[in-house]
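Here is the structure we will look at, set down as structure tokens.
First chain written, first letter: the chains are A, B, C and D, and each begins at residue 1.
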Amino acid sequence: VQRLIVFGASGYTGLELLRWLSLHPQARVVAASSDRWAGDPAFAHSATAPRGLIFVGHKEALARVEEGDIVLLATSAEVSLDLVPELLQKRSRVIDLSGAFRLASAEDFARWYGFAHKAPELLTEAAYGLPEISPPPPNARLVANPGCYATAAAIAVTPLVRRGLVEDGAPIVIDGKSGTTGAGRKSDEALSYSEVADTVRPYRLLSHQHTPEIERTVASAANKAVCVLFTPQLVPMRRGLLVTAYAPARQEVDAEAVARAFAEEYADARFVVIPKDRAPETGTVIHTNFCEVAARFDPRTRVITAIAALDNLVKGAAGQAIQNMNRMMGIDEATGLLAGGGGA
Amino acid sequence: VQRLIVFGASGYTGLELLRWLSLHPQARVVAASSDRWAGDPAFAHSATAPRGLIFVGHKEALARVEEGDIVLLATSAEVSLDLVPELLQKRSRVIDLSGAFRLASAEDFARWYGFAHKAPELLTEAAYGLPEISPPPPNARLVANPGCYATAAAIAVTPLVRRGLVEDGAPIVIDGKSGTTGAGRKSDEALSYSEVADTVRPYRLLSHQHTPEIERTVASAANKAVCVLFTPQLVPMRRGLLVTAYAPARQEVDAEAVARAFAEEYADARFVVIPKDRAPETGTVIHTNFCEVAARFDPRTRVITAIAALDNLVKGAAGQAIQNMNRMMGIDEATGLLAGGGGA
Amino acid sequence: VQRLIVFGASGYTGLELLRWLSLHPQARVVAASSDRWAGDPAFAHSATAPRGLIFVGHKEALARVEEGDIVLLATSAEVSLDLVPELLQKRSRVIDLSGAFRLASAEDFARWYGFAHKAPELLTEAAYGLPEISPPPPNARLVANPGCYATAAAIAVTPLVRRGLVEDGAPIVIDGKSGTTGAGRKSDEALSYSEVADTVRPYRLLSHQHTPEIERTVASAANKAVCVLFTPQLVPMRRGLLVTAYAPARQEVDAEAVARAFAEEYADARFVVIPKDRAPETGTVIHTNFCEVAARFDPRTRVITAIAALDNLVKGAAGQAIQNMNRMMGIDEATGLLAGGGGA
Amino acid sequence: VQRLIVFGASGYTGLELLRWLSLHPQARVVAASSDRWAGDPAFAHSATAPRGLIFVGHKEALARVEEGDIVLLATSAEVSLDLVPELLQKRSRVIDLSGAFRLASAEDFARWYGFAHKAPELLTEAAYGLPEISPPPPNARLVANPGCYATAAAIAVTPLVRRGLVEDGAPIVIDGKSGTTGAGRKSDEALSYSEVADTVRPYRLLSHQHTPEIERTVASAANKAVCVLFTPQLVPMRRGLLVTAYAPARQEVDAEAVARAFAEEYADARFVVIPKDRAPETGTVIHTNFCEVAARFDPRTRVITAIAALDNLVKGAAGQAIQNMNRMMGIDEATGLLAGGGGA
């Protein structure tokens, strides 16, 4: 049984990790850190947490890390940057759910995240783990777990770019809508129920840090430069995320080519579903690790619309981290992820 | 035209005051304070604010108060306690929407609000202004505007107690459900969308400060001691409040007596509606100054259920303040309150 | 491995059954009926349904029933009444999630459900299966699975009545709040998003069919007559249910006796949780089989307030049915119910 | 005082019309039809309806129409098609809030609405009334009131096209998000709270009937062909609508040109607001006739993002109809529309 350590276990993503990991037959959480609630039973703060687990402080969790452990970081980018070098030195393997290792260069972090990257030498080593698009190598020491929007966007757009269906050089527009847990667990008047209910609210126009992540992921997968405009929007729901991507089609493209691209690219993808007779929507995938995706070609405008929906806390965070973990463990990537959320 | 000054104009209640006051034909807001946004056009923070109005700071608003002004305080109890003595000294008349003058004695404030009252000598002077139950005298200098829960509870329960339908000495149980704007505009993790959506959450069990306010109001109106257990509960909606009150009936009571009590007590009440063929609910009264109320007698248990629903920001705060203001001005109490929210 | 047949598998309760049963290590769904979607993969209608399962029609499901099967009915009371006699004749064992077998007599059904009961001879045989209060006997052929409100109400009230803390003969008031999935999956303008959002709506005043179910359950458990007034209210959320029960205390009762009653009664209950430092709320238990419960004694009014919260589709329906099934199978009642929703 | 007749007064748009018209100083509703609730006081079905008004049946309303009346149709396109010729024959003037007269030709209706237009001869006469873009002539007999999405889209996109900021021939992508009242008041499982909460749901991909309406409006205003791809999406809220439009910029365009386009085009628009320091959002404009709009130029991708937010029932329907009515009456277009929803 694989030993696991979870840092940041009392945030929304951390608790979701605990929930799903409790279903995993071949891995076991040996420490879960929460500086906020260190000493408390996890169960006291979430009915879905495993009953026996007691939160420990960050320091205590770090002290428990052993060689060969897999460490899951559900921490902020700043905290991850501090922890990762030390964890690698302890010869543990790390899956970082923050954005700290998702981009290619320190310059990109300076521009999009606004901080000076402390461990730029690890950026080449870090494997970006989006199993359906860029599966991490089984022996990866450090996996950068993708952002929630970036996961949906890459799943929606990659088949089109990889198969050359998009007009060369044309920017791809990605319109994202997300529930509130994507913003984390915190006190913020702008995230209060009174301010969020009844509202659709665009934010971080032109500057969201998932923009370069999407470009890099799709470009790597398709071996072709990609230019993305990404607009995130907050909608009044707790979970769930939907992206609607728009790409101008190359001249010879038709509806059949678009449909075939998705059918073929995802024929073997365990967690990608192309719904019949309806568009993807978030309501049907929340609380599961599935991503619904579909695309339509419009002959009037010659624009391809590709839509992807997922649960930001599962396929967009904790579930995907477990998929990556399974690959690092050399076992079936769906282990522990089908039961209770799209059963066996 | 009556001059008005509004303090605390950028909170939810303050903005609601501005909205309704813009409909009032005989009163005009000459200053609206917001320390937070002093200098900004009110309109920049709320599309429903009057276009020409610029927020001023508290000090500036205070400087503008003249003899004969009516001053509306949408401030915290602490701020109201500081302001009221000074405002009365300036010979303005005050409607305080906070709880600072709603109870009978300094001891009650110490027990239920947890503070030492700074102006206990004003407590006897303060008129509790719930127009349907205890209308303020036309010449009142200081009106304590009722709490939102207390308004609904008093409207639901008073007819029963006043007419002797409730078993003597029996406690009356009041189960309240409120939307989030009742908690005010603030940063608080517990009020974030992620924590409030999908939740019914009881709070301040046995200790909510509206408890003594309800008891005092009903007891004064009925001239009879009343004992209330009040349980507030947060539900996932922005506006609206419903109380379900339960009272054991005296022996001779029947369904007809209960129905008649409400029909008669509220025959002339402009803002109380007894719905036909359905129970009161919040959805039909939000954004209006109406309170829906109805009661049912259960012959099996001999318990009377009385239900009242209203908009916590209108009949539970700003609208009721305007009703009181109209009475202080000696004009029709419905002035400015019917248009656009239950029109003429 | 126990063979299972599920009828009515495409409603909210049916789909929840499929989800949880996919986690069960010792039971397997061999047929799941949906007349509406017969022939479709269950997965096409719910991402949480097991991938291989195809819905069959009711007739086909019936044909597949074999001696020794456990049949779970997530059907309407009318359909259950038709099916149960035939299923028992086939020597299968039945867990009925409808109300068809929850009351004591045909007269009760006529009064509270408004229909003439077709199989009154089975009413004495039917075991009411609320494991924490009235566990079904291991050899039961027919288990009536409790209503969602009735489950929460019985868990909240039984300890008080059983220990004689409630004033003799006094009615117990139960104020319930439920999300919309409790009303089932259907077209109904009154249940549309536009009519439910922003609303708290009392319904079926004095006449809800869970009233006699609560009375019967508590009375049987406490061996004492009980009189209940129950008021259900719809609140804007999909899942979750909270009841606030109010009972006048007997003279010698104090806060300590109330706290002890719950601590002792539920010391061994696997799915009942008494939260520390806060009241029960729905947000922390949805998607789990746990019920949060707590009570407070108010010395001012001498009323006991007991609050219980649960997920109407899990502990209030599908999860509880699986608890009962586990008892009928003679295995640990928590089997398959802790993982993923309050893990091992 | 202008006489008004409202058909379809008990739907969401009809009730919103009644609410706002009760604020209008120079017009009076003399009949309001609702076949469903004929004979009932409007107030019984909506606390915001004027107190004295009784719904009449469609026939009765028709009988009351006199020469010179303004008739507002909040009916389905089918009903409007039946009524309009008869109303014009009675020499009343009509504002049709349905889609029945919004497109240019019978062919367009066949293609996008799926019906054979019964009165194609009126299509040239019908004036499309979007005051900020295409104000109806003061003497119009028949005004087609715009669709809610089309209003927001035209306000977002027209300045860009009119000023030649968009690349010639490039399709403009419009991503729309709307609350549920846009779908009307009806029984529909897909619109039930249980199915809508927690969901973002794209619908009518490539085929929504507002597509040609947007193209026609912008093209007429800019005198230039326009090609639009429109994707509507349902989000969990009752009111409010936001469109995010994406257009590739012509080569010489920069951020300043984009900002200036909006500032200048809407300098005199009473109901268009360009928010400072934040993007448009729905929460700040619901319950008002204001439309928030703003645009950003992205130098990386050279795409212009233009965002508009409004209340689908006010600026997207009833409020805009009153703006058009005011113009037909030759009075200030804002009459009755500022009070109570962005006061005087």
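Everything below uses one rule, namely that a contact is a pair of C-beta atoms (placed from the backbone, for glycine too) under 8 Å apart; a residue touches a chain by one contact, two chains touch by 3 or more.
Treat the numbers as computed from the prediction; the structure is a model and nothing was measured.
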Legend entry - Chains in simultaneous contact with subunit A and subunit B: C, D
Inset, instruction - Return the chain whose centre of C-alpha atoms lies at maximal distance from the corresponding centre of subunit C. - result: D
Inset, instruction - Express in whole angstrom the distance between the two chain centres, defined as the mean CA positions of subunit B and subunit D. - result: 36
Legend entry - Whole-Å separation of chain centres (CA-atom averages), subunit B against subunit C: 38
Legend entry - Cα-centroid distance, subunit C relative to subunit D, in whole angstrom: 46
Inset, instruction - Give the residues of subunit A that touch two or more other chains, as numbers and ranges in rising order. - result: 195-198, 236-238
Inset, instruction - Would you tell me which residues of subunit B are touching subunit A in their complex? - result: 12, 180-181, 183, 185-189, 191-198, 236-238
Legend entry - Touching residues (chain side subunit A, partner subunit C) in the complex: 18-23, 43-44, 46-51, 273, 275-276, 284-285, 287-288, 290, 292, 338-344
Inset, instruction - Would you tell me which residues of subunit B are touching subunit C in their complex? - result: 170-171, 173, 175, 177, 179, 195-203, 205-206, 227-229, 231, 233, 235-240, 242, 244, 246, 248, 279-283, 286, 296, 298, 300-303, 305, 307, 309
